[in-house]
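Right after this note come the structures.
First chain A sits with chain B, and in the next complex the same chain sits with chain C.
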Partner chain A sequence: MKNSVQRKMLGFLVVFCSLILSLSGCAKDEEADTAAAVSEKKATLAFPWSPTSLDPHGNDSWEVMRSGTAETLVKLNEELEVTPWLAKEWTQENDKTWVFKLEENVRFHNGKTMDAASVKESLMRSLEKDTKVKDLLQVESMEVLSENELKIVTKQPNAALAAHLADPSTIIADVATIEEKNSYPALTGVFKFKQFTKDEDLIVERYEDYWGTQALLSEVTIKFIPDGNTRLMALQSGDVDAATDIPIDNISLLKKNETFDVLTAPSLRTHLLLFNMNSPLFKELNLRQVIDRSIPREDIILSIMMGQGTEAKSPFPEILPFGKGEREETKGSVEQLMEQSGWKKNPDAIWEKEGKAFEITLLTFPQRPELTVMAEAIQSELLAKGMKVNIRQVENIDEALINDEWDLSMYSMLTAHTGDPQYFLNIFYRSDSEANISHYASSHLDDMIDELNRTVDSTKRNQLALQIQEVINQDLPQSFIVHPKTVFGVRNNVKEFTPHPIEYYYIHSQIDVTK
Partner chain B sequence: MILFCLKRMVQLILVIFLVSTLTFLLLRLAPGDPAYILLTAHDVPVSEDALTALQKELGLSESLGSQYIQWIKGVVTWQFGASYVSKEPVIEELLRRVPATLELAMSGLAVAVIITLIIGISTAIYANGWLDMTGRLMALLGSSIPSFWLGFLLIYFFSVQNGWLPSMGRGTLQHLILPATTLGLGMGTIYARLLRTSMLEMLNQPFIKAAKARGLSNRRILVFHVFKHAFLPVMTLLGTSFASMLGGSIIVESIFSWPGLGKYIVESINMRDYPVIQGYVIFTSFLFVSIHIVVDMIYALLDPRLRVH
Partner chain C sequence: MKKTPYSWDASLIVGINLLIIIVLIGLLAPWISPHDPLKVNLSNRFVFPSWTYPFGTDHLGRCILSRIIYGIRISVAFAFLIMIVTFIISLPIGLITGYWRARANHFFMRLIDGTLAIPDIVLTIAIVGMLGPGFLNMMIAIILVRWASYVRFIRSLVLKICEEDYILSARMSGNTHARIMRRYILPVTFSPLVIFGALDMGKIVLLMAGLSFLGLGAQPPTPEWGAMLRDATAYFQIAPHMMVFPGVAILLFVLACQLISDRFKKLNAADLKEV
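Let's look at the complex of A and B:
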């Protein structure tokens, strides 16, 4: 009797379980049918970033640009030179006056023709929505000269104006459509918005009336997957065709599998070590040089960056026309430099001066974990050379740099996101800039930056930028460690998903998928 | 009874007031300036002017006192402000993500209940046999495997290796299986142990013997007498777990890129989106306190003695 009850109970459980399993089977069949009905080519990509809205101006401008739906007046090519895009040519009439000639036959995604008036309106909105744009463009006034000509007057000479118009915060949009609740913003890109599901995905479709070369894909789905491991697994399982920003530890895993290609692109990012030039020790150039030459750059690239980076010799990567290729070797060994500054080794083999041992604080932060590992590598290298380093991890590095006492700090920056050095140099190095966190002040350098702001000729600008970097490398307010590479995982049926050093140009018209 | 309800309502308001004040202060004490984080999201440096302008726009340049008064005024009138990041009302931002979290919580609970029932009942029936041993082992594993690891393990096996189920996202029933299992598995195996113990205890109760003496069938006894009583304590625990799942399961949602409250709140904390974090804390504390009040009221209805005390 008891046995039969048990058997029935177990029987019930088995039936229940199989019912659930069969339900999941049904869903799969339906999906297969719909996929077969559509013949046009589509691709699915995984990005870590997720826009909160599709407003092209403001916080989400980079994400909108990354979706292939948006365009700016100018574009940066792979050599990071400024090339025409929505503006076909431009001239500088004097120090502060520029005239941009716009491409004709450009239509916004709602069919409206783009003209100088709509471009002006769009730029005005950028200036109003994003406080950073004011610093980039420094616009005094804008004037519509004709249907396709726009005059821009800047407050002070801004030779980088054209390059800065490549910044995604200046995307050209039909302003009237942005605030509309029931439709998506009308931009000018090769794809247009089809469906946006916050936190989940953005589907863009080919814009048939595009003014340039039509897109090969009919549709691209961008999935927002912030977690690096999840992104990788989505790629491995075939849920997506390509994924950006693959965690470097996992590259070898992808390389083993023949269905994937691992692509890398040089980035415009620099990992660096800041010196606090107000700290008693690092006021002295000799000591900054000692630290600079003790950084084990090769080991860092090989074992921490897994080879995915290039040695940094200046704030700007070598891929830029003004990126500096050579580091100046300082004369004298670490020992000689220390002795010159009056330091002596104590019995514990630690440098000492006036009875005080050499001991410094190095700040690091958790948001970029590789920087903390680098800090540890630097710490052990310096200890071997007789210098004690205390690493302190802070939650908010930018606040700690202003409020705390520190000697050294790990840091990471995009130094020329528009392919031009001017913005970064003004903000990061001018002695009157609040964002000059190393407290580096050089009137000579200030003058050179001023000259750069005025110089229009690109060869001269590059030369000037190189000279500025020479001064920086002599004065050494920071030590530059590595320019990391961006890593992509791509299924090998995806064609032309070429990683661009500018991280907002990933989707373009030539991406294709083969069977 | 009305007095009792009123008292509880006052308590609810008091708790929410205290929680919101505490959150407000703690958030301001934590390092990180929302304006700075927003402006440097792409690691491009910004000028002081740009920073001050945004701080002013977000109302961060006002004194702490006036910011607090603004916030409390808002809470009283049910206005929680707008997110710094998306500029949309906090209420809308939170409510938009509730369905996804609810879906995951309910299916996670369903998985937990199914596992509890299957393993709990079968191990009780075959107490001390091999099935029981397996159940014990599973409970041990279920309580000790961290959910992020279990999640990745399931993705690896079911998506990467075999391609049976999608690895992330929300949409079809298939999308739900892995996250729901990750969420419910640990809980289910533990509660199964509880159900087993509780059922075995019941079997020795005098009323079961009495039922047997009355000649009731074993099946009737198991279902209507033993199980009915043994499931009550498990039910209470499942209810509490469900309440905490409603706040969003941060780890599971992050691993599976599930667009719910948990994933959103992690992103908001990273961006120091004060209005959203404050709104979320109020939302979850309201949820918790009101669930407890409802339970209290039901108890009070059932047991007149409680109304007096």
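Let's look at the complex of A and C:
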């Protein structure tokens, strides 16, 4: 009897002790959990494009910027106004002279302090590596005034200099680290590179010594998934927490599922159709007009874009002050235009000239799936009008545009990512620009662009930009189709990962993941 | 006395009927198909199967049933064409290399061994990759890949036939080599070749569909079954019908070919045993 009481007591003691122990364990765990939650939250994002290297200057600058690791002297806000970033303020002393005052306490990812000398060195390298930057900035000389002051003198008055310093190709980097083989470039962003595997993923981690607000996430993995559908499925299966550029047709799928949010925002992008002005057919304005008129824009916006975009009348979206261009109304029907150019319909109802049927090649690419559907819609429309179109899908559109024979190509451009028309007009339309992929050459237009580059007053600049677009719409080196919206698919526990009109500011310190 | 080999059984009847129906539908396409297979109607995208569109519509609002019907003309007709051309190329080679077992044969046989060593689809992709995507290039590639197995098959048939006594008798009674090949060897190879051809039709259709699926064969807007499947991949979650129907079409055609050739294969094996 006594024994059993003792045993009961002992049992009670054991249970009691273990309960206390386990409770205290719990408390400890919880504490550890909250501490870990601050520092150990990670997110995985899916982006379509992979950089070929992490060199911040040159062709990969956009993708490097997109990873949240890099910063420029200035930044554009959602209204596309220039705001301070690495430069806290700047003054324009005269037409050609600017003084930028830099943020203090900025450290590169290798711990080195950023000063005016290192900024100068970095800008020098971008000028050297990228002819586009040279054209944009028109820098004559740079001078280090003090530890945190840099003077930039331009060759000609360059009103958009500050805005152009927001271009990712002017990322500020510690130049000495870029060419090093055993380490990643040291930049200044809120995240720093951890590991990069080309075409697969880029892992970035929080930079503890960041000069501004620390990142909420400790690590972000960016997976590069070029195919839109695969990106969507990665999101659905939980492989990634968010994905950019979701195929528009599949939005409904995500909307049906409560765990996902679909975020859209107007972009500064234009989907367009490029004419190869070197192709024998499209040297002729008449034929370009025929194609331009045959694009079923309304159907495309309503059905292919499902309303997620607005009709494009000029390269710049209408939300911009210089984006109110109007499409040139052409006179005469398609038949009249074709006959004017000496084409006749053959018995198969296909246009023919000197015994050769009208047959053209149209390039398209898989990264933006809606472009391929548009290409097929345009193909069908043209076939109904007696023009044969062969669609060719290529993996790397930019390479194909340089190397291959083509007549037409689907394309998509971010046209005003510096919040200013000058950049796009210079790189896309100047006869001597490498990025002028339509091979459009007009000395009249070159003069107008020069004038724009010289003009300082913003109303006058906008007016000039509109006049330039008028000439473009008359000469028609491209057909503008639609200004699409940017579509993100996001798991609803991901916070603050939202579409920004400027496509490379997606990753920032405030992105967070809740449980 | 040989018993007649062509006793009918269910699988053969099903196979032949299926094939006849498919071919008939293909021939009568303009009269049966409810819509124009190329007619784009953007306001009618991804319509689910309904009375107007029995198989639904695709990403451009085109009628899938009409596209499948017209697809018969492309898949089946071109598979047939590829088969015939391959026969025309490999029949003489097979006959001659089987009949005269000269040393030059070795060269051919090694070449064939080499071709056969690489899987069909891999080799065709490589060839189309070099020639560039397109229907004609795809056909050339398939012929370049398939001829080897045809030659090998024909040669093995000829080798076997040449062992027969009646060939010896024919030779002894003064027939020329050309005449022996034409009169005594060629007719005997006919029946096995039909089986081989029927089976291969199915394989060729699959190969064509595979290449078009990869974007190397038929280019848009051609209503080829493989190309239709390719189109469907981007939308299989919102419009599964785009994927199901072309898939079923390919399945039925290949099944018909298999059923027919299977039956003949069994008969042929029985024949050979009796011999």
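The working rule: the second predicted complex is superposed on the first by the 288 of 515 C-alpha atoms of A that agree within 3 Å, B and C clash if a C-alpha of one lies under 4 Å from a C-alpha of the other, contacts with A are read in each partner's own complex, and residues count from 1 in each chain.
The definition used in the following text is that a residue touches a chain if its C-beta (ideal position, glycine included) is under 8 Å from a C-beta of that chain, and two chains touch if they have at least 3 such contacts.
Being a predicted model, the structure only gives us computed values, none of them experimental.
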| field | Which of chain B and chain C A:226 touches, first, second, both or neither | value | first
| message | Looking at A:74 after the superposition, I want to know if it touches chain B, chain C, both of them or none. Which is it: first, second, both, neither? | response | neither
| said: Just checking: does A:395 make contact with chain B only, chain C only, both, or neither of them? Give me first, second, both or neither. | reply: first
| message | Once chain A of both complexes is superposed, is A:163 in touch with chain B (first), chain C (second), both, or neither? | response | neither
| Which partner does A:304 reach: the first (chain B), the second (chain C), both, or neither? | second
| query | In the superposed arrangement, does A:65 touch chain B (first), chain C (second), both or neither? | reply | neither
| Winner by number of chain A residues touched, once chain B and chain C are compared | B
| request: Report for A:87: first if it touches chain B alone, second if chain C alone, otherwise both or neither. | output: neither
| So, does A:198 touch the first partner chain B, the second partner chain C, both, or neither? | first
| task | Return the residues of chain A at which the contacts from chain B and from chain C coincide. | result | 229
| note | In their shared complex, chain A is touched by residues of chain C numbered 38-40, 42-43, 45-46, 59-61, 133, 215, 219-221, 233-235, 237-238
| task | In the complex, go through chain B and note every residue touching chain A. | result | 30-33, 36, 38-51, 53-54, 57, 83, 85-88, 96-97, 114, 117-118, 121-122, 125-126, 152, 155-156, 159-160, 163, 165-170, 172-174, 177, 217-219, 222, 254-257, 259, 263-264, 267
| query | Within the complex, which stretch of chain A touches chain C? | reply | 228-229, 232, 247, 249-250, 252-253, 296, 299-300, 302-304, 369, 373, 376-377, 379-381, 383, 390-393
| Along chain A, where are the residues that touch chain B in the complex? | 1-2, 5-6, 8-10, 13, 16-17, 20, 23-24, 27-28, 31, 50, 52-53, 58-59, 62, 131-132, 134-135, 197-201, 223-227, 229-230, 233-234, 236-239, 269, 394-396, 398-400, 412-414, 417, 423-424, 427-428, 433-435
